[in-house]
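Consider the two complexes below, in which chain A is the common component and chain B and chain C are the respective partners.
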Partner chain A sequence: MSAELKILKQGAEAKLYICNYLGKPTLIKERFKKNYRHPDLDTSITKERIKNEARSIVRCKTAGVKTPALYLVDFERRRIYMEHFEHSITVKDFIINLKSTTNQGDMNTLDVYADLIGGTVRKMHENNIIHGDLTTSNMLLIEKDPSNIAENTKWLNHSNIELVIIDFGLSFIDTSVEDKGVDLYVLERALISTHNDYPNLFSRIFEAYKSYSKKNIKEIISKYEDVRARGRKRTMVG
Partner chain B sequence: MVTNTEPYTCNLDPDTKTRLEVYLYKDVKNVENIRQNIINGSWKCSVIKPSLIVNMFQVAVAANRAVLAEKSQTMITKTVYSELLYNLSLTKNISQSLSKFGIEKDDSILVCFLIDGNNDVSQEILKEIDGEQCPISSLNSFTNMKDVKSTYKLNNLKSEVCLLDIIVSKMVTKSFVNH
Partner chain C sequence: MVIAIGFEGSANKLGIGIVKDGEILSNCRRTYITPPGEGFLPRETAEHHQQNIHEVLQEALDQSGITPQEIDVVCYTKGPGMGAPLTVCAIVARTCALLWNKPILGVNHCIGHIEMGRLITKANNPTVLYVSGGNTQIIAYSRQRYRIFGETLDIAVGNCLDRFARVLKLSNAPSPGYNIEQMAKKGKKYLHLPYCVKGMDVSLSGILSYMEDRIDELLKDYTPEDLCYSLQETVFAMLVEITERAMAHCASDEVLIVGGVGCNERLQEMMGVMCSERGANIFATDERFCIDNGVMIAHAGALAHAAGTRMPLEHATVTQRYRTDDVLVTWRDD
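Showing the complex of A and B:
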């Protein structure tokens, strides 16, 4: 029995482990106890967060947005057991690795992914799934059919690449237009701070978001612009 | 009759030290007798319809939750064997779950054992089954996709998504998501 857990990452809210579970490569997300909270409150907050995360992951699947499969939700051990994409790269790392090339073909690939991201975020929003933490670290690229292409070029082969959305820890289900605007604004801020060398990335994503579906789009754009104006003001005031 | 009929096996959560073993049979002649042995609790195993199973992993996920619930004394049903069936379904209605995934008049069956340490009763039970054992690799010829789709509410799905992924993800969230 391969019982040993390998720690992958220790974040602010959770520890991530990888292991083989039920015969599958598995990632375990374990939320820590917060000692500054009353234990009962801590347990109930953790339980709610776990439920939210799992609920959004399943809802995405029904909506046709690829997310990790869930193998076990364990409130006692404060864990979600999910599919581990062993052969994947975060969109963040993909973009950072692009720096070394200035090849036009590679830039077209980035545009393809920007369009994919825009359409995918729109699909989530049409199903009232608000991600809450849209960053390029929370998006993975995986191959549809595993290939033997070398690591540095395989992620450029966009016709064989799928986008996976992860980390639904701050997600929730809501029909309001406001929350969608905020979600987009969070993404814009994240892109500015992580990928300031690609200043047009957000607008490309946003265009794809808009053209994916027309439903409510005027209201969402206007909410997004309100949120953005308020955000501006806040940063100017400091 | 002994052919290439290795069972499906899967080690369940390491804290439970339990292994799942599943055997597939067709043309079973004594289904009613088997059903009685399950209902009266004399057979320590779960017997399920193969028609609603797309992949053995689906059974492993349900069995895993069953043995964990037994360990933490949070089972919804009376035995770990009925808990396995309950975990396969999306409804919280126990009798509906058991009748949906359990056997009725079906003459094809999956027999699932939960083996921890030295209480392996599988061989004693299997020799009572009057049917033809089939390789696990033939499972898909028993799967009824139409029934699977209606049971797991997959009719309006986008074709790209993997059915097994969504089935297990729905199964493990049924206690707090209305599917």
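Showing the complex of A and C:
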């Protein structure tokens, strides 16, 4: 079978192949052996990541957070088989493409997606799923009903768009507010660096996060602010 | 053509260097070395710089073969760093600027490292891993700023290594990190240590306190060499991982390692293996340029000066906190 696999891309830690599994378009995420690190460390990290990813995908389903469906886990070959969204765009690419088409309507669409992201992250946190790597590379937009709209306008038609969260390798289950604060801080930093032309993006997402539910929100905000202050206070000598 | 002199003293190295359009004319340095088990403190470090700065300045001028009259701009480290040592260099730089009647320019230390690395290695638009005693950052350029994609959530990697060297009472000469590196080469037995990566960020305080808390027990089963080896393997794996994550996120195929920890050959080797596994290129420099030096401040200042950046004398102060992304990169327009 491996001879027929087509490589789609090399991600942050895995190689992604596409194939057809039981008649469905499938993506194989293979956490190949990293020769730069000690083999014992590599084995333990890889096992843990595969376990985390599979577990969180399942948990998201119960929580009502859309993720690729999980088809198969193969620890031996370090692979996860999952639903492949053939027609999708990462939120990162969506925002980068916005630049060329800036008009007010498109900005409203971005606000709609920011709200969606905030609500979705909150939903994960309510279910104690800490994503661990919240960046716009790990969020996909897909169509609810497949359309024939041209690629450059399709993703602006927000009433027909759904948000999918992917890449749960660094995720874990934890009830503490500290981890939620760190998760938000990681997201904020990724947005500031990647999408510096939209400086208000995080605050919009955070507002949606806060208003989605009130439970524990004060504690989470204050933890997030602690983590953030720690970063600002460091003097960085040398 | 720009000739620039640079004064660096943000931590325990005092460096003065002179550069002429990217050609290094001199690069002189003195390091304040503390006894084993001790770190450097601001007051003593400032005293060290004060006692050596005139001699280093003379040496840098002599080696360069130029006279102060030929200098176009006097550059110094504005921050980040320790207040008192920074101030020593700022005062001498201001004095020289007034004495020689030259413009002065405060330079961000981190930007100095990045631009020096780009100059030496000719890396064009790399993802930068900046690792030193006080810094651990993953940086990439976008729209006139060096943006921080990842960083440590608590202590810097150099600080983590230095503090572990102190636990083992290793010598601080030439640097604690260098001695850890040499010990690690003889380590054989790998100890599993806490591994903590959060997206493109890392946390290093957990691994240090884990080792500090049980050092006596650990030394029963592992040699100091094994512990140095295990520490390096673990923290460097974390750094390589977040660098790779940032590269995937930014679609980058170049890595540049800068900062004092960047001259660690094991780190360079691990990064090289990661790069070859994704068809990317690695760039690194040796201790002359990785470790804090004056020429990097001169070079970054010269770039800014040539692009028209100016600083009135009354703004030529120091600041302990000065983030890499605070600086407007006037000399790049890509």
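We take it that the second predicted complex is superposed on the first by the 216 of 238 C-alpha atoms of A that agree within 3 Å, B and C clash if a C-alpha of one lies under 4 Å from a C-alpha of the other, contacts with A are read in each partner's own complex, and residues count from 1 in each chain.
We take it that a residue touches a chain if its C-beta (ideal position, glycine included) is under 8 Å from a C-beta of that chain, and two chains touch if they have at least 3 such contacts.
Source: prediction; values computed, not measured.
Asks: So in the superposed three-chain picture, is A:Pro25 touching just chain B, just chain C, both, or none of them (first/second/both/neither)?
Replies: After superposing on A, A:Pro25 lies clear of both chain B and chain C.
Asks: Check the residue A:Pro199 against both partner chains and state whether it touches chain B (first), chain C (second), both, or neither.
Replies: A:Pro199: touches no partner chain.
Asks: Is it chain B or chain C that touches the larger share of residues in chain A?
Replies: The partner with more contacted residues on chain A is C.
Asks: Is A:Gly132 contacted by the first partner chain B, the second partner chain C, both or neither?
Replies: A:Gly132: touches chain C, not chain B.
Asks: Does chain B (first) or chain C (second) touch A:Ile57, or do both, or does neither?
Replies: It touches chain B, and chain C stays clear.
Asks: Answer with first, second, both or neither: which of chain B and chain C does A:Lys66 touch in the superposed model?
Replies: Only chain B is touched by A:Lys66; chain C is not.
Asks: In the superposed arrangement, which partner chain does A:Val186 touch: chain B (first), chain C (second), both, or neither?
Replies: In the superposition, A:Val186 contacts chain C only.
Asks: Quick check on the complex: what are the chain C residues that touch chain A?
Replies: 10-12, 80-82, 110, 132-135, 140, 142-143, 145, 147-151, 153-154, 156, 158, 190, 192, 195, 197-201, 233-234, 237, 240-241, 244-245, 247-250, 259-260, 269-271, 273-274, 277-278, 292, 320-322, 325
Asks: For the complex, give me every residue of chain B touching chain A.
Replies: 10-14, 17, 57, 60-61, 64-65, 68, 72, 157-158, 160-162, 164-166, 168-170, 172-173, 176-177, 179
Asks: Quick one: which bits of chain A touch chain B in the complex? Just the residue numbers, please.
Replies: Going by the criterion above, the answer is residues 1, 3, 21-24, 51, 54-55, 57-58, 61-64, 66, 69-74, 76, 83.
Asks: For a test of understanding, state which residues of chain A touch chain C in their complex under the given definition.
Replies: By the definition above, chain A touches chain C via 10-13, 32, 34-38, 40-41, 44-45, 92, 132-135, 137, 170, 182, 186, 189-190, 192-194, 196-197, 227, 230-238.
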